[in-house]
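Labels run A, B, C and D following the written order; every chain starts at residue 1.
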Amino acid sequence: MTVAAPNYELVQQDGLETSLLEVSMGPHHPSTHGVFRMDVKLDGETVVDLKPVFGYLHRNHEKLAENMSYLASMPFTDRLDYFNSMTNNWAYALAAEQLVEIEIPERAEYLRVIMSELTRLVNHVSLVGFFVNDLGALGTPLLYAFREREKILDLFEQASGARMMCNYFRFGGLRCDVPDGWLDRTREVVDRFPKFLDEYEKLLCENEIILSRTQGVGNLSKELAISAGITGPMLRASGVNYDIRKVDNYGIYERFKFRVPYSEGDVGDCYDRFMVRMLEMRESIGILRQALDGIENGPIMGNAGKVFKPQKSEAYGRVEAPKGELGFYLVADGTTQPYRYRVRPPSFINLTVLQDMCIGQQVADAVIILGSIDIVLGEVDR
Amino acid sequence: MTLDLIKDILLATVPLLIIFPTMFALTTWVERKALARIQNRIGPNKVGVPLTPYGGKLSLFGLGQPAADGIKMLFKENIVPTGADRLFHFLAPILSLIPSMLVLCFLPLDFPWLNGEQNSVKAFMLDGAVIFFFAITGLNTLAVFMAGWASRNKYSLLGGMRAIAQMVSYEIPLVLSAVVVVMIVGSLNADNIAKAQEGWNWFVFQPWGLAAFVIFFIGALAETNRSPFDLPEAESEIIAGYFTEYSGFKFALFFLGEYIAMFAISGLAVTLFLGAGAGPGVESLSWLKIFWFLTKVCILIGVMIWLRGTLPRLRVDQLMGFAWKFLLPLSILNIFVAGFAWHIKDANKETATSVVVWIASIIILYAAAKGLDRVNRAKVKPRTYQYGE
Amino acid sequence: MSVLGSGIFKGMAVTLKNFVGSYFDKERLTTNEYAWQANDKLPERAGDYPKEEAEQLSDTTTVTQYSRNFPMLLHDAGEPMDTVRCVACQICERECPPQCIYIEKSTEKKERSGNKAQFYPATFDIDVSVCMSCQICVEVCPFDAIVMNSQFELSTPSRFGELLLRRDDLLKSNDYYYKIHPEEASARDKRIADEKAAKEAKKKAAEAAKKKAAEAKSKSEAEAKAKEEAEAASKPTEPSDTPPAESTATPSTEPPATPTTEPEKEGSAE
Amino acid sequence: MSEPVSHEPVLQHFPDVEWDDAFGTLIVPVAKATEVATWLRDDEAFRLDYCSNVTGIDYLDREFKEKVKNEEGKTETVIHTDPARMEVVYHLYSMENRTGPLVMRQRTNREKPEAQSLTAVWRSCELQEREIFDLYGIHFIGHPDQRRILMWDEFEGHPMRKDYVEPFDYEWEPTPHDEILEKHQKGTVIF
């Protein structure tokens, strides 16, 4: 049920004719976070109608994956949401592990949690930077975020060999163990992170301009958010307490004590989405600390053989990726290639409500609403 | 027209044409360096003076960057979009540069070699210097809108429209805050205003002067399209606003015009509130006057860069609201406060009274500002969040 | 009730702190202009190379020893083609997700120095303009013949000229591998040595059993061998053959199991 | 994992709905899909208010060989036939009860694939059904805005179908070794 543009009547005065300004924002627009296009109809500065246009980065990832072995799709999942390759890997591994019975060793589970929470820090901290960049802050918060992100990416590089395209998870464990001293370095980074967050919050959270720019902009009601399948921080910003880490308890999340921040009111505006992410980072640091305390030595690969050949079955594995629910749906037909391989991309489905949130707002708001949804076009277009 | 007059005219204008474009070049470098440091980067540090044709260079912290930029701009292709109005597209950058260069003459830069024989060449001695300044700066708006319209680009048009709305609105608080100084000094002559603040009698140290200075500075930011009021060229919203379609040297001219306008309006702020050339050691060395003046201008530019490195941008309606619902009432109130304070001080010259007046004015102005802020942003406040298990 | 504009001033204080801090605080200004400067700036990132060596290595190394870029073929000490580990089994070619490896197997076996005759890759091309550095070829290789290089300066004007790495470009010595990935290389060699030792022990046990069996009955010899083969087959993840290019390896008395057939059983593609 | 939802009440309430035990999924007749979906969403016990994933699957006529142990303990090969069909799969969860998933399928033929659009029930189906229409060519009855989404409007065919054959595309770049290079060398590539 699309919300059509409200019946907009053009004001005609003194015989002067007026018409709407149609602007194609994107695919080269600086703040569409990639190659995304919004066909916007404007009355002055007010958005009267908005149509998202997808597909500029479409490469039919699903078809590619259906024509190669299960393992060979793993590096391609890195390229979906190229900010969070670790959680993408996990979601895929989780789905595949449901197809066959694989025991995952303890150490691998801990490392998975550590990697995924580090990824969440990376994503949220840079998303906030990008968001404030969309507000017009000339990149200062973004570069602070990237400064901290570098430290985490170094950790990823040490563990997996690559900074962004990690390709680290395997069915039944991880590709390799982390090098000596890695956990200490991680602890150092994690211990330093709250100090940075304090500074970041001081820079952003009380700024009058950010407050007045983001509050009351892009409201998303609870009912619409649930119905539209919004997930992740965006859903929690609309006041729904739903976190797949809590609901599904995948991996070993039930062992950690953490809280899920969600908004109090029913507003669900850009400010809520921004703040929920800021608060979530603190919780992630808590999880990381517990995981770093709890991790022990041991094997990192389960009993999975090299040949991954599941029986005829299907599985849907979902994780709480930083952007929302990332699901992988696999249908196995008994061969070494998946018969059907489907990605449930959170940022694609979160875009469902873009139109509803933008209509009636200003052009500048449309940009920050898009920024607050947190999309990565590698995932939207697949 | 004597030869002397021509000589004097040249002596009065050539230094301006040397100092300010040089400062422009340096400021672009300083801005890039400072922003880089604010953002924890290094900034330009490579381009320097080549020593031999085969290699080796003196890189001087990247001071060659402005020259390299200039050369690059010169050699870039001049692209005019199909269907653009070629004439106005060409005229706009020139028109944006001329008024900002012109108003530099109204800054009280008293070069010592111009020893007063031909006062008529000193533009700042004009009796209506301040009003003339605003009149000419207003032309900038035209250039910006011309660029926006002539580019035949929707983003440019939006930028141009935003620029007109913004510049026209902010001109009012700008002028009203300058009115306070004019009122106290009793003259529109920049030289008289500078003379009234000799020693440490800078108007910024008065409560009404401080308020007027803050309003003026905010207005100046908006007038020169600096962050957080850089809506006409808002990169994340409308690409580059009115100069989306400008390239090469036309773009460089816009850039130059923008920076010169920054110097001009900072110079006016220095003249009106920061004691113009006043500073330590001015009595013995008249050269220092120019030094202090330019230093103060540079400090203001530095603050502008600092703000640019910190603040996000306002939205159009908030920008207009800020001008009409916050700055305008405040500057009007400030005129009254200034008037009363000046009268009481004039009638009663005791120190105690002036301290009381000083404090009372500050309280009134702050309370008014706070009240206006609360009214304007009634719904905006920090929120609390809950945690689920 | 906050002071008017306090949020803005707080933000400005933060940026001022960062501005000043970038001149004094290494935590704030983390930029390294060159990779080998890392040694002077951030201890945990460097540690890999001393400065002088890093300058010499600057064409071959990235910032850390952990990073990977494109694959290379390993050979042991000696003439590259005499000691190349690759036996052209083509598993990597089949498993490569973007299909960037192209192998042609030699038609006849070739003597390796100090080792038995093996097939060798007549052509081994990697199109690095297609390669996505995923390291799956390294994982599936049963002979530890292909590992990741960390050379990154590969920009060239032509695509099929230099971005198509031929066999001879890809051949790199084990010493080089030690130089760029010290930890990984030593771990790998340790594993190879362990596997070899385990095999030797098993072989010894088998030989002892054989002896014993030979004493008892000449027929049981075949059984022992069958048992050994069954053991080898039951562990498909472990390559049952000694990496043929192990230059120090003593000539095996065991009849050479053709290495090409074994891995193909393990291969998971079709 | 969250608590799975029992499918029994659905079968009792809707006799037309089948349960496929092998895949653990409800198979809903296309005509009744909206009704069942609305019921699942609104029923107090289910409250499946969140439709997470909508997927299309294309099955060609296929024969499966399966090795089955017979009574004597010997393995023998049994051949299954999988009929050609298209399916739309919905993964349903409940945010209110924190339960799920319940998998629901609409099955349709390959010749003229049609399914009920459930966008009116769950808004999240909107873009995903558009995507299925684009990539599989399943027509969704009642979809508010059924256009291509990932492929461009002029694109012919539905690339995710199993029998889709890629047309020759001059944009393909030659790689040094595969058939594209051959075509390139034959001169069939126009630059």
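In this text, contacts are C-beta pairs under 8 Å (C-beta built on N, C-alpha and C of every residue); 3 or more make two chains touch, one makes a residue touch a chain.
Just so it is clear, the structure is predicted and the values come from calculations on it, not from any experiment.
Interface comparison, A-B versus A-C: the higher count of C-beta contacts falls to A-B. If each chain is reduced to the average of its C-alpha atoms, the one that sits nearest the average of all protein C-alpha atoms is A. Distance between chain centres (mean CA atoms), subunit A to subunit B: 42 Å. In terms of their C-alpha centroids, the spacing between subunit A and subunit C amounts to 33 Å.
We define each chain's centre as the mean of its Cα atoms; on that basis subunit B and subunit C are separated by 61 Å.
Between subunit A and subunit D, the centres computed from C-alpha atoms are 24 Å apart. Those residues of subunit A in touch with two or more other chains are numbered 140, 144, 147, 203, 206-211.
Within subunit C, the positions touching two or more other chains are listed as 8, 11, 14-15, 18, 28, 30.
In subunit D, no position touches at least two other chains.
Across the complex, subunit C is touched by residues 68-69, 71-76, 78-79, 140, 144, 147, 150-151, 154, 157-159, 161-163, 165, 167, 175, 179-180, 185, 188, 192, 199, 202-204, 206-211, 305-309, 336 of subunit A. Chain contact summary for the complex, subunit A toward subunit D: residues 1-2, 54-55, 58, 60, 62-63, 224, 226-231, 240, 242, 247-250, 312-314, 316, 318, 325, 327, 329, 331, 333-334, 339-340, 342, 344, 348-349, 351-353, 381-382.
Contacts from subunit B toward subunit C in the complex involve residues 34, 37-42, 306-307, 309-311, 366, 369-370, 373.
Residue ranges on subunit C touching subunit B, taken from their complex, read 4, 8, 11-12, 14-16, 18-19, 21-23, 28-31, 33.
Residue ranges of subunit A in contact with subunit B, taken from their complex: 21, 23, 29-31, 42, 44-45, 132-140, 143-144, 147, 203, 205-213, 215-216, 241, 243, 246, 259-265, 271-272, 275-276, 279, 362-365, 367.
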